[in-house]
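Input: structures, listed below.
Presented sequentially are two complexes of chain A, the first with chain B as partner and the second with chain C.
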Partner chain A sequence: MNQQRKTLAKRGLGAVHALGLLAVFSLLAVEPESAWAAKIGDVAEETSLGQQALRFFSFRDPSVRYAVIGSVLLGISCGLLGCFIVVRKMALVGDTLSHAVLPGVAVGFLFSGVSASGLFDWSFDVANITKNPALIFCGAVVAGVAGTFLVNTLKQTTKIKEDSALGLTLASFFAVGICLLTMIQDLPTGNKSGIDKFMFGQAAAIDEDDIRLMLAVTLLIVAVVFVFYKELLVTSFDAGFARSIALPSEWIHHGLMLLVAFAVVIALQAVGVVLVSAMLITPAATAYLLTDRMHRMLLLAVGFGVGSGVLGAFISFLKPNIPTGPCMVLGASALFAVAFFGGPRHGVLTRWWRHLSRSKRVQRENTLKALFQVLERRDAEPEDSVSLKELAERRRETPDEVSGQASALKQHGFVTLHEEGKKILFTPSGWQLACTIVRNHRLWELYLTNAANIAADHVHDDAEKIEHLLGDDVVRELERMLDDTTRDPHGRAIPGFADIHKPFTPAAARPSGYGRNL
Partner chain B sequence: MTDSPATKGEDIPLEIHDLTAGYHKKPVLWGIDLKVPKGKLVGVVGPNGAGKSTLIKAIMGLVPPSSGWVKIFGKTYNENRRRVGYVPQRESVDWDFPVTVMDVVMMGRYGHVGWFKRPKKADREIARDCLDKVKMLPFAKRQISNLSGGQQQRVFLARALAQESDIYFMDEPFAGVDAATETAIISLLHELREKGKTLLVVHHDLPTARNYFDQLLLLNMRVVAYGETEKVFTYELLQKTYGGRLTILSEVADAVGQRAK
Partner chain C sequence: MVEPWTENLPTTFWIVLMGFLITAACGLIGNYLILRRMALVGDAISHSVLPGLAIAFLLSHSLNTLPMFIGALGAGIVTTVMIELIHKKTRVKQDSAIGITFSTLFAIGVILISLGQTDAVHLDAECVLYGEIAFVPLDLVKTELGPNALSVVKNIPGLNSEMFLNGNLLTIAPPPVIRMAVVTGITLLLIVVFYKELLVTSFDSGLSSSLGINSTVVHYALMGMLSVIIVSAFEAVGAILVIAMLILPGATASLLAHRLPPMFGITVVHALLSAVGGIHLATWLNCSPAGAMVVAGSALFALAWMFSPSQGLLQRWLGRELDELDEEDIERLAKGV
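Now for the complex of A and B:
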């Protein structure tokens, strides 16, 4: 109960942090224009990386400030919505939406040239065209909604399936958008600033008006996700159940799509049409690899989105010729690669490493078991030595191979080596582990033959694997279930408590350091 | 619910009249009439494609009916939705979803919590109790993908219990579960019935259907028979339900479906 309350508190805290961050940035955004250069590219005259980093992260220049604030805002909004896109398996929908907004951007841009002096007295003047964020926003959202509508219509009225409908819509809207953009580029107006940046993104093109819009949209998204968290969660997990408790799953879906359209449009300036869907999907997918709780996934995705966004803005500050979008997406993809390879639970390298150390442990335990068996066969005491040759025969390997295994055991303090590694002696801890492994093996064989009625000659191979996996609980359970645990199905003695904790009598020839207990 | 005793049918948990429903305008269910009394455990039985799941979905409005009506305790589904609990098919969700067992069971409380609000401590207590009833409390903090099929089904059942409903609709709760879970589920269903709850359970295994349920609804696109198990579980009626699909009905359905395209 306490834990749950803590989790709730954490979730609340996370949202408060996010809101606090937003408040700080909004204050920064309205600070009056200073005399510093207006473009990121213009301020990069410092040569050393350190100087440039200092300049960038001191936020002295408004353009840098806008670029960073913009990246942070888009990281937050894309990260939050991206999580729901990923768990709803709608990544392609996000991609389509982001491409479908392009014609709207172009039309919104053109629309700024329209001036209305009366209700029906409209005029269009190329010279008046400016980059008006509000108009572009409206145009893009309308185009995005139209694209989604087209996909749904295709899906419902024809036998075309969703993936084809998405691909078709994406391509056709994008084509229209590129044609319009090219036309705008050819217009005889000098006021085309920014429009060419919509393809691949340029954080430096973000100005104060853009920031205001981005801030408003991000606040809206944060608020919606916070207020409707449980509705979004249940409709994403089990839409049928959600509808059975009378949640309007369809409307929630449409609302989410509209928010995604908003997020895409505010991210366009910095990331560009082509790659904006990556900022939706990649940070969320990275978070999805790392956690299996939705609220943690949201926070992680926001973190990754903000991180890669700011990194992208920084790289394009250093190299103004590189568009920001690819830099941000590279950053996000690098984070994903780190999670993919090094994630604590599902990372490829982590799993490989875990596998490697497990097989090394199994190897060690098998060698210890072989040493035990050599002594057992000779009816010898635990303090007696085993020759390398005997061990090699027992393991059916060459002396070279087993000598490597013996030195591995020595490293772990399970044995000591004498006479240039020809003689092997157990340490108390090595003897205990060897007894435990043999006991596990034989108990399991006994269990399989007694309780599971498997023939005695079928149980050895299974026990070979199980002996390394049995925990104390299972062993105790086995002991409870089996009446007589003195002999295994093949008639050999099962080492018991007395054997495991047999006191070691010190041998006369024991060198110093013997019996070192790890 | 006692403020309007005059309301007709308020003591009847489920009443269906002339319900026709299907997908893409192609009917799967034809003219269903049904009146289920309180405190009964009803098994819905029929061959594949008989519309068993569709019936449950149509009752809850998940599949829009093309004619007829459904009343839950004398009112429409939406008016009485808080008195309805639902267990969908286990395969209908993605078990890799990033939520814990507890999160899923809490979803059963969402219908009571309402918009804009967070579940309270009392809701958590109820969810814990429900998890305990299906013996899944030790798994409360586990992510749901680490569960076996039987455990997943128990989680869904716990979520339905957390809805604290008067009538339950369950879609194949016994599909693909281990014997222990099957026994646990059936005793839980009996316990709910003892408390006066009404349960409509889709089931596909005929031999066990006979022992599990008070009443059976034999369904094959229409109601073949409905009544006490010992009266309905006869060779003739089962033959009628399973012996070849009702060819004329399915042909007409195909024709209607084609015209709709």
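Now for the complex of A and C:
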């Protein structure tokens, strides 16, 4: 309960931060324009990278400010919704939706040329056409929703499978959009400059009207996700439970799709139709690799979305002929690659490294155990030396392999080597570890025969694996469950506390004839 | 209505032929993509051949066939491997893996094209999106005929026209059309020759392995063929419209037929009708012919969806009325009226 409240509080804090950030940026946006360049491309190209970076991040140019605020807003909205898209396995629905908005963009653009003087007295004048964000927004949302509706209807009424229905809708809507756009390009109007930027995105084309719209939509999305967080969470992860507590899953799904359509449409100007789905999927998938908690995933995804968005805007500030969308997407993909290879829990390289170090540890422990067993068979003291040959026979390995393992043990301070590496001596810490491993092994064998009624000759292989994994608490538990822990099922003594902490005469203090002095 | 055929017949003819060949080849292989639920892999590959093309173009400084094919094949393989890697090695699901892979590769392609843009060659960002099928007839391969050949050709009724014969110059075809015709022919040939293997691996993987057919080889061969078709169509229709050409004919056919051979027939008819319908639409609206062909194809799909005898919307509505009648009849019977 307490923890729940804490998470809630944390979540609240995150949302407050996000809102605060939004407020700061929107204040920046309405600040009176200074005498700096009106367009990103106007910045002189002779200046060095550092100067350009300084200029970009000083946010003094209004166009840079708009571009950055736009990127931040789209990073927030796409990151938040992308998480739900990814965990609901709807990534390709997002892709379809983002392609399907194109005809809506074109119709919204054309519609700005329509002027209504009466209810039925409409006239269309090509000269009036402008880039009106509100009209484009409405058109695009309608087209996006129509696209998802078409996919659903196709799935329900025909035998066409989801993948075909998605691909079909995506490409058909896109084709209609292409036809309309190529028509618009041949229209005799000078105001169509903004429309071609919708393909691959150009953050520099964002203006104040766009920012207002983006801010409103992002606030709406943040608010909805914050208020309906629980409902979204439950329907995303446990459909059965959601049904049993009578949540309207269908409506939540439709609402989510509508929000996704909103997010896609406000991101269009900066990222472009073709790649906007990547801004939904990639930051969220990156976050998915790094955490197991939804609220953390949301915050991370927002962070990655904002980061890659600003990076994309910066790169296209440096090189204005490169569209912004691909830069943002590559930034997001680079972050994904970092998480893919180096993520602390699910990263491929981390996992490989973990696997490698674990198998090295297991090998070390096995060698220490063999050392222990050689001494045990000889009934010798822990301070006695073992020759490599004995160890190699015990491990059934070649002398070269064993000497490699011995030097690895020496590096970790578990043994000391003498007579040019021919003889091995335990150090106190090595002896303790060896005793612990052998004790784990034999306790587990005892547990399997006594408590699980497995025949004594079948327990060794299992114990061989588990001896490296048993933690202190499990060992305590085993000791409690087993009455007599002095002998294992094969009759050998189980090393106890006394053996592990046996007083140990260090090699240097021994009489001559031992170890190093020999 | 007949304007495109009277005003500038040669241009129209080559555009329609190109559109038909592309849609036919895509539709034929698309049938298998639909059957194998791989429609979105087609989507991914069509986006991600772009960096392959861009790199091949930047290295060879030409739009020659061979470097382009090699680049596209490489990109296709990288796509397949990347999707597999992401979805097998992490907990990211396949749909997200597809989305991440193709958007990354596509972004790389767009940036490479923007960086290496020159005025000389028409590989630009617009071409990437919807191709330039209208430019196909600009460059025609012509051959000079000797007097004997000339007299032979003049006796063939179809060829003895202004369109093909100008003095003693016989127009063969624009190079992209020739290339596409070869690719379509090979596709058809491979489908006929390996009909059984493709059929069995698509429908019953258990049976295919018991027959000794290596389904992995079939899968990769199909992907390779897909890459080749996509790259030959790329210049004309771009990266995204080709998805429609892959899926629309097959989806239409699957609404109208239940066996593979008739489905192939419908696919080809769909390809022809959408190419012809598209050119009319493009002339009427003054828009991109490739886009218009897809719109025409979508309209054909919508018609099939409406009137399909087994799954059509009309059939469903009529069928529902019949069902309601039946229930009323049952109630009446139950009441003993």
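One rule holds for everything that comes next: the second predicted complex is superposed on the first by the 481 of 518 C-alpha atoms of A that agree within 3 Å, B and C clash if a C-alpha of one lies under 4 Å from a C-alpha of the other, contacts with A are read in each partner's own complex, and residues count from 1 in each chain.
The criterion applied here is as follows: contacts are C-beta pairs under 8 Å (C-beta built on N, C-alpha and C of every residue); 3 or more make two chains touch, one makes a residue touch a chain.
Keep in mind that what you see is a predicted model, and the values were worked out from it rather than measured.
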{"item": "Which superposed partner A:Asp95 touches (first chain B, second chain C, both, neither)", "value": "second"}
{"item": "First (chain B), second (chain C), both or neither touched by A:Met297", "value": "first"}
{"item": "First (chain B), second (chain C), both or neither touched by A:Phe241", "value": "first"}
{"item": "Which of chain B and chain C A:Trp251 touches, first, second, both or neither", "value": "neither"}
{"item": "Of chain C and chain B, partner touching more chain A residues", "value": "C"}
{"item": "Which of chain B and chain C A:Tyr288 touches, first, second, both or neither", "value": "both"}
{"item": "Partner chain(s) touched by A:Phe149 [first = chain B, second = chain C, both, neither]", "value": "neither"}
{"item": "Chain B versus chain C as contact partner of A:Trp353, first or second or both or neither", "value": "neither"}
{"item": "Chain C-contacting residues of chain A that also contact chain B", "value": "89, 288"}
{"item": "Footprint of chain C on chain A - complex, ascending", "value": "86, 89-92, 94-95, 99, 154, 157-161, 163-164, 166-168, 170-172, 174-180, 182-183, 186, 199-200, 274-275, 277-278, 281-282, 284-285, 288-289, 321-323, 325-327, 329-330, 333, 336, 340, 346, 348"}
{"item": "Chain A contact footprint on chain B (complex, rising order)", "value": "57, 60-62, 78, 81, 84, 86, 88, 92-94, 97-100, 102-104, 107, 110-111, 113, 115-116, 118-119, 121, 124, 141, 143, 145, 159, 163"}
{"item": "Complex contact set, residues of chain C against chain A", "value": "34, 37-40, 42-43, 86, 89-93, 95-96, 98-100, 103-104, 106-108, 110-111, 114-115, 117, 125-126, 129-130, 240-241, 243-248, 250-251, 254-255, 281-282, 285-288, 290-292, 294-295, 297-298, 301, 305, 308, 311, 313, 316"}
{"item": "Residue ranges of chain A in contact with chain B within the complex", "value": "1, 3-4, 8, 87, 89, 227-228, 230-231, 233-234, 236-238, 240-241, 243-247, 288, 291-294, 296-297"}
